[in-house]
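Right after this note come the structures.
Heads up, the next two complexes both have chain A, just with different partners, chain B and then chain C.
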Partner chain A sequence: MKKILALIIAVVMMVACFTACGGQAETEATAFKIGGTGPLTGPAAIYGNAVKNAAEIAVEEINAKGGIQLELKYEDDAHDAEKAVSAYNSLKDWGMQIFLGSVTSKPCEATVAEAANDNYFLLTPSASSTAVIKDNDVGFQMCFTDPNQGSASAQYISDKGLGKKIAVIYKSDDVYSTGVLETFKAKAAELKLQIVSETAFADGTDTDFTAQLKDAQDKGADLVFLPMYYTPAYLIISQANQMGYAPTWFGVDGMDGVLTIEGADTSLVEGVMLLTPFNADSTDEKTAAFVKKYQEKFGEVPNQFAADAYDCVYAIAQALENAKATYDMDNVKLLEVLKEQFTSMKFDGLTGDGMTWDTDGAVTKSPKGMIIKDAAYVGLD
Partner chain B sequence: MTFLSSLISGISLGSVYAIIALGYTMVYGIAKMLNFAHGDVIMVGAYVCYFAFNSFGLPWYIGVLLSMIICTILGVVIEKLAYKPLRAAASLAVLITAIGVSYFLQNAALLLWSSSPKSFPQKFFNIGGKSGFTIFDGKLEISYTILVTIICCVVIMIALTLFTEKTKLGKAMRAVSENKEAAQLMGINVNRTISITFAIGSGLAAIAGVLLCSAYPILQPTTGSMPGIKAFTAAVFGGIGSIPGAFLGGLLLGILESFTKFYLSTQLADAIVFGILIVMLLIKPTGLLGKKIMEKV
Partner chain C sequence: MKKLLRKDNIKNLSSYILVIVAFVVCQILIGAKAMPSMYQSLLIPVCVYIVMALSLNLTVGILGELSLGHAGFMSVGAFTGVAIALALKEVITATWLLLAVAMVCGAIMAAIFGVIIGIPVLRLKGDYLAIVTLAFGEIIKSLFTNLYMGIDPEGGFHIGLITKPEDLVEGSKMLINGSIGISGVQKISTFTAGFILIIISLIIIFNTVKSRTGRAIMAIRDNRIAAECVGINITKYKMTAFVLSAAIAGAAGALYSLNYSTISATKFDFNTSILILVFVVLGGQGNMIGSIIAAAVLTILPEALRQFADYRMLVYAIVLILIMLATNNPTLKMFFDKIKKAIRFKKKEEAKEDM
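Our next item is the complex of A and B:
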């Protein structure tokens, strides 16, 4: 019995020794540890992987310059709030100092609450729901908030005279979709755009869209606004095609990705418009270099999520440099200096020049209209 | 016109539900267990057909045949590994196992085929390059996929009814369904009969998968789960265990869903549909065509 006790004590002491050693190693940090969660698997994996890949490129570039050094780690959350929180916890165990938040809205709403409790600076590339930045002091966004996307879309449709009678189909159980819808409607009313049909679907009723489309068609809608992710949007467009209904389709950033569906009939999405702050075909020098590098490394054209993530890492690096932050600062200190920088600095990135952030954490930049032509995005302006 | 087009969209959705419900009801009727993995076998069937057609360039009927064969094997393997050892266990244990198998299949599909959605080819049932025909001077469009789905559904229902009524094996199935012990005493191999039931149910799932994805062409690992649950509801609605009941239940559920979306509300479609179902089941607890079995104590 005594032997066993002695053994246990020995083991405990050894473990204690190891943890102490681990603690020592941490103080000799040589890089800022940046963590993020995103759907690397699951139905929204295309976004998570785009963000992770682009963030890796940005970190490599910054480290190669020899200035401040960054270390990046992405954890999978499968677009699930609970998994995102456990992913966040494992990032904390890893020693994360700055948090890139979650890629999609629902998980990010969960992780931002945790980050606010623990005082981590959070800059999400793409979680566009307002809850991510409202009512907390840690959340910042690189993408537009959902409301901004909605009102910008209405403004764009009105400015360009894209449609006289507008139909909206939205996903009633998704905060992203309803968030865009609300401001779209408010702005449309202000601009005297006529919304003739407003229909919804939810998780259980997302296979057959005949009723929604028929309603839009019967009421003579010549433009259908689709504030949703691309998977249901593709189904809607292909069913409309079968019905012989061909309005102008207008989407927001969730539509980005529709061209990457395997085996998709790209002729169906020809002419689909979407509002997004990033255009991979742009001749801009920075964009072209990023697109080239991304293609070489991952074999596909980066989407807007990738560009936002790339900008996130650069914006953080710029803020850290401005603030002369050091590697041994803990998350609380970093939160303080980064918040100060972000609310005062201007940042030029792939997704816009002269970006600024307000005290809530919302970004100001101007969106670009895009149209799908010959299975590629082309700038509308 | 709105009435007709909502009816057609309802029938199209309903016939897909019905074809899935046939598989559910078949297994429940004979093995007396709810095979919740049925929806995921459908998904596997659709993937097999997709890869046969898109990656190997095989003609679609070979693809369907191949996916039927693979699903049948899969069904029998699942039955052998997951359900057979629990033959004597409480029905709740089998139910939980079935849910486990369902998750297993979904996650295996995630690993094997990744999560990114695939667009299922829609050209299978085109005639002369067209996907459908129009009636009433082009006001109403009916796609060939819907026609094929309905025809398949009716043919399968009749074939299954005849099979269970007329053949020796079918009689054995009905005997097993009524009383396992007595059937065994009469010289029926109960285990083999149940295995065959699963084989047939899974073969049907493959056809259902191809038809589901032909009508609604997005394919991902979760494709089968929601239609699976709806079809289960349809089977209960029609009277679980009854083959014509599954057909009727599926069609009615589809039409009800479509009417609700067209006339009442797209936002509350599911709530209204399931509300009506609850009321119906309160009035007739055995479902539309379900038999009331007196338990002798």
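Our next item is the complex of A and C:
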């Protein structure tokens, strides 16, 4: 008899959700509808929420200026490609005109295929995998691609002569980590950097790193490259400290945020270097204003994801203004004008000045080398 | 005629009818452009999860063994299906045929894994078996996160574990790229294919259950010792059910992966296995129509709850608890039994009048 009850419940719920979604009234458009998906719940929620919060601030500021008006909606994808596609479709039902893509790489690869199919302009703040912009005509990125980060890091280490023997610890089941590693290795080989130790970890084995660190230490590595997000990176650094191993640490943009870990001993991460396009402690007027506003509203220091999202909204607004786009344009028309703008315009944002995009959709901006000094990021050179 | 209207036949028939009616209704809604695109995008996942629930129900409900690694078979099917589809893209141009070939290959590969895993696993029973299936699910996941497979311009395959295959020549293409998984998949899954897969799964499962094999499997479930005494080959029948279940899951996996442009092994983790088990438990063990409904409802529900924004998953969890309680409530059960009896009684009366 369970099945009858289940059937009844099923029917009731189906009817409820269909009626809830139906009956959208056609009204005069008064704003551009911008949508995005990101992990607002789950383990990657910190990135999704940072992006959402920063995008909200940017939209508020732009609307307050009285020029073009924007309307923003973020849907949760829980860092899952399947959920991202349904989140994207629910945004489509909402009447989205411009798509901010997904925050994380894998979901964004799925949504970019859908967007390409439906002709939506896509500008992702932080999905750094190359598949997002490759083989499609709609995807643009505000962040560096993974390969770009890897080779930039190798170049930087080589240019500054930071280390002679390099060890790499990476997360083998993470797209971001392996993506950066691959190009780092390629560039390192080209620049004749010596990689003496290369060890991996994965989900579930990300709490104890003594084996990896021992390997690096035994082989006499004086620089350890950590292409990963900051949570495991912090553990690695603190465990190395317990072992009495003190090499130079070098991270990529995922390392940004290591100072915001609750209860973290910031003295441990003193001297950690990372490449990131954004510095929250910058004295730059725009950045300072954004950081202040973000802190007031959400009580924390914005990370690089937030800055990228903020730039995304401003870049779109600038392109819309330049193109004199009107609210009643549909997604196909907007794709056309925005693509034209993005491949020709220059944009000054928090994460760099004079950013340009190539026809693929990859951004050109220069990463800044940062070092952690007195529990703050300080620009190198 | 009498034979056709036997109780279990009616039950089976109602499953087919439910699926066909649902399919027709959805097609009409799509045709009339009355279905929001979010629900349209859910149709294929719903089909996939229905097939997954049906196949797991074969292991859990009919064979009576708890499997916690069913997503592993889905993963095998998904990776095989996508790799085949990418490799044969130029050879087979008809997408429906390509999809069919990918699904069949996915099913075969999953069946092979079913045999490999079944040999050690089916020596165990109960909790031990459940734990070992869980472990195998994790092994499969870990295998695929470290698997690299490339195809060179001449069509030769190169496989590497943990690192990229070293003999890869210039101009070759990576099919499976370790933890990055597979990207750039051509989306060829269709709702119709999903519908056909459900119907095929139902035909396979119902006919197996009704056959000599099915009776033997259920005898093992109900009393293993008695079944052994009668001379039933326990290992053979257990294996049959397990491999069949794995194969169907493999086909579903192929359908799933070809619906997205990207696929990674971490999707098919323990959580997915549990999710499918939830469908089966909610729908009732051994109850196929229940699995269909449960899978459909629980796949649509979290998406339909998007209007609750931040509280979405909380509401989902509460609804899940309520459904579980309601379907197991003795008062409600009694109430429905009464209705059932009343209907039956009425039918009998009518039958008498007809005479």
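Basically, the second predicted complex is superposed on the first by the 353 of 381 C-alpha atoms of A that agree within 3 Å, B and C clash if a C-alpha of one lies under 4 Å from a C-alpha of the other, contacts with A are read in each partner's own complex, and residues count from 1 in each chain.
One rule holds for everything that comes next: a contact is a pair of C-beta atoms (placed from the backbone, for glycine too) under 8 Å apart; a residue touches a chain by one contact, two chains touch by 3 or more.
These numbers were taken from a predicted model, which means no experiment stands behind them.
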Considering only touches as defined above, state whether A:S172 meets chain B (first), chain C (second), both or neither. both
After superposition on the shared chain, which partner residues are touched by A:A64: those of chain B (first), chain C (second), both, or neither? neither
Given the touch rule stated above, what does A:A113 touch, chain B (first), chain C (second), both, or neither? second
Between chain B (first) and chain C (second), which does A:A202 come into contact with in this model arrangement: first, second, both, or neither? both
Which chain, chain B or chain C, ends up touching more residues of chain A in the combined arrangement? C
In the superposed arrangement, which partner chain does A:Y234 touch: chain B (first), chain C (second), both, or neither? first
Of the two partner chains, chain B (first) and chain C (second), which one does A:V85 touch, if any: first, second, both, or neither? second
Using the superposition on chain A described above, determine whether A:A131 touches chain B (first), chain C (second), both, or neither. second
Once the shared chain is lined up, is A:D265 touching chain B (first), chain C (second), both, or neither of them? first
Can you list the residues of chain A that touch chain B in one structure and chain C in the other? 41, 172, 202-203
If you look only at chain B, which of its residues touch chain A in the complex? 2, 5-6, 9, 12-13, 50, 54, 110, 114-122, 131-132, 138, 141, 143, 216-218, 220, 222, 226-227, 229-230, 257-258, 261-262, 266-267, 269-270
What residues on chain A touch chain C, complex-wise? 1-7, 9-10, 13-14, 16-18, 20-22, 40-41, 75-76, 80-83, 85-90, 92-93, 106, 109-110, 112-114, 117, 129, 131, 134-135, 171-175, 177-179, 202-203
For chain C, which residues are in contact with chain A within the complex? 34, 36-42, 45, 142, 145-146, 162, 178-181, 183-184, 187, 260-267, 282-284, 287, 289-290, 293-294, 296-297, 300-304, 306-307, 309-310, 312-313, 323, 326-328, 332-333, 336-337, 340
Which residues of chain A touch chain B in the complex? 39, 41-46, 172, 199-208, 210-212, 214-215, 218, 231, 234-235, 238-239, 242-244, 260-265
